[in-house]
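What follows is chain A paired twice: with chain B in the first complex and chain C in the second.
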Partner chain A sequence: MLIFSVFKTLTDQQVTVELKNDLSITGVLKSVDQFLNIRLDNIKVLDEARHPHMMAVKNCFIRGSVVRYVQLPPESVDTQLLEDATRRESAAQTKR
Partner chain B sequence: MASLQGYVDHRVLLILQDGRAIVGVMAGFDQKSNVVLSDSKERVYSMEEGVEEIPLGLYLVKGDQIVLIGELDEAVDQAVDLSTIRAEPIPPIHY
Partner chain C sequence: MDTSSAIQEPFDLIRLSLSERVFVKLRGDRELSGILHAYDGHMNLILSDVEETILIVDQADGAGEGQPTVNMAKRKMDMLFVRGDGVILVSPPSR
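Our next item is the complex of A and B:
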């Protein structure tokens, strides 16, 4: 749930999503849901010459289960805060 | 939240886990991102020849097979001559 909240704070930022089929897609993060499905606007596929399949696609919905990495803009993530929050959450889970 | 609602009645490109690419008009979807496409066609990419379009008709795709759903800009899509495009197929998902 924590990461879901983190993504919600990142809407309207430029992110790069790397998928488990090795496709990398850059775009503006429009929305996220509880499964970490992602909607991107104004997308661009890395290495477009090799992947012309999505030439006519301007915005897309990516299924959360096929995402390998999401590259975030470093200036919009407070890593210290995130570190504290993740530790707090995992501590709360192990106590239960 | 990241809902598919905006894609209903639009022409979309579906990329599946095995690397297949299907275009069609989204007729409906549900919570599990199962999707119904009408008037759908598979686009088969290869380096040897241009893109081949295989008509599939009305298709229901299970959500767990879906990698990506993209809204097609129809003007751009129509302007592209598929027979001139040579590309490797999209790789399948590997975990």
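Our next item is the complex of A and C:
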């Protein structure tokens, strides 16, 4: 739930999603759900020469399970807030 | 050491590594070193100041003889979300 909230705060920001098949897609994060499925607008594929079939694609939905990494804009991530929220969530988990 | 008394379950080891540099081993011969800022029960991670090392093993074409050559590719990323299903281990900083 915590990571889901983080992604929600990053909507309308530019992110780079790296998939497990090594395809990297940069685009504007339009929405995210609890499975960390991601919708990107205005996409651009890194290394277009290797993936010419992606050239015409302007926006896409990415299934959460095929994501390896998401590169986030560092200036829009409050690391202190993240660490506090993580401690709070792990404390809540142990209590159950 | 008061750290051992604070460790009750495996995730506590990761909790105590928050805001410290950790080593992460991933599927696909990838390793990361970065400062841990967040994680969850799936071992999804958020790291900053990350260096990724990819090991590319090229088996010499004459199979069976000779050492396979191992190439190392490194790259740096500022802020990175890592999906938990690729994580093999998270290790706290060496002290």
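In this section, the second predicted complex is superposed on the first by the 96 of 96 C-alpha atoms of A that agree within 3 Å, B and C clash if a C-alpha of one lies under 4 Å from a C-alpha of the other, contacts with A are read in each partner's own complex, and residues count from 1 in each chain.
Keep in mind that, in the parts below, a contact is a pair of C-beta atoms (placed from the backbone, for glycine too) under 8 Å apart; a residue touches a chain by one contact, two chains touch by 3 or more.
The structure displayed is predicted, hence computed values, not measured ones.
Legend: residue contacts after superposition of the two complexes on their common chain; A:1 is shown touching chain C, with no touch to chain B.
In the overlay built on the shared chain, the residue A:86 is in contact with chain C alone; chain B does not reach it.
With both structures placed on the common chain, the touch criterion links A:65 to chain B and to chain C. Chain A uses residues 20, 65 to touch chain B in one structure and chain C in the other. The touching residues of chain A, counted against chain C in their complex, run 1-3, 6-7, 20, 36, 64-65, 67-74, 77, 79, 82-83, 85-87, 89-90, 93-94.
Across the complex, chain B is touched by residues 19-23, 25, 30-34, 37-39, 43, 50-63, 65-66 of chain A. Touching chain A in their complex are the following residues of chain B: 1-4, 7, 13, 15, 17, 19, 21, 33, 43, 45, 63-64, 66-74, 76-77, 80, 85, 87-88, 90-95. Listed in rising order, the residues of chain C touching chain A in the complex are 8-9, 11, 15, 18-19, 28, 35, 37-41, 44, 46, 48, 77-83, 85-86.
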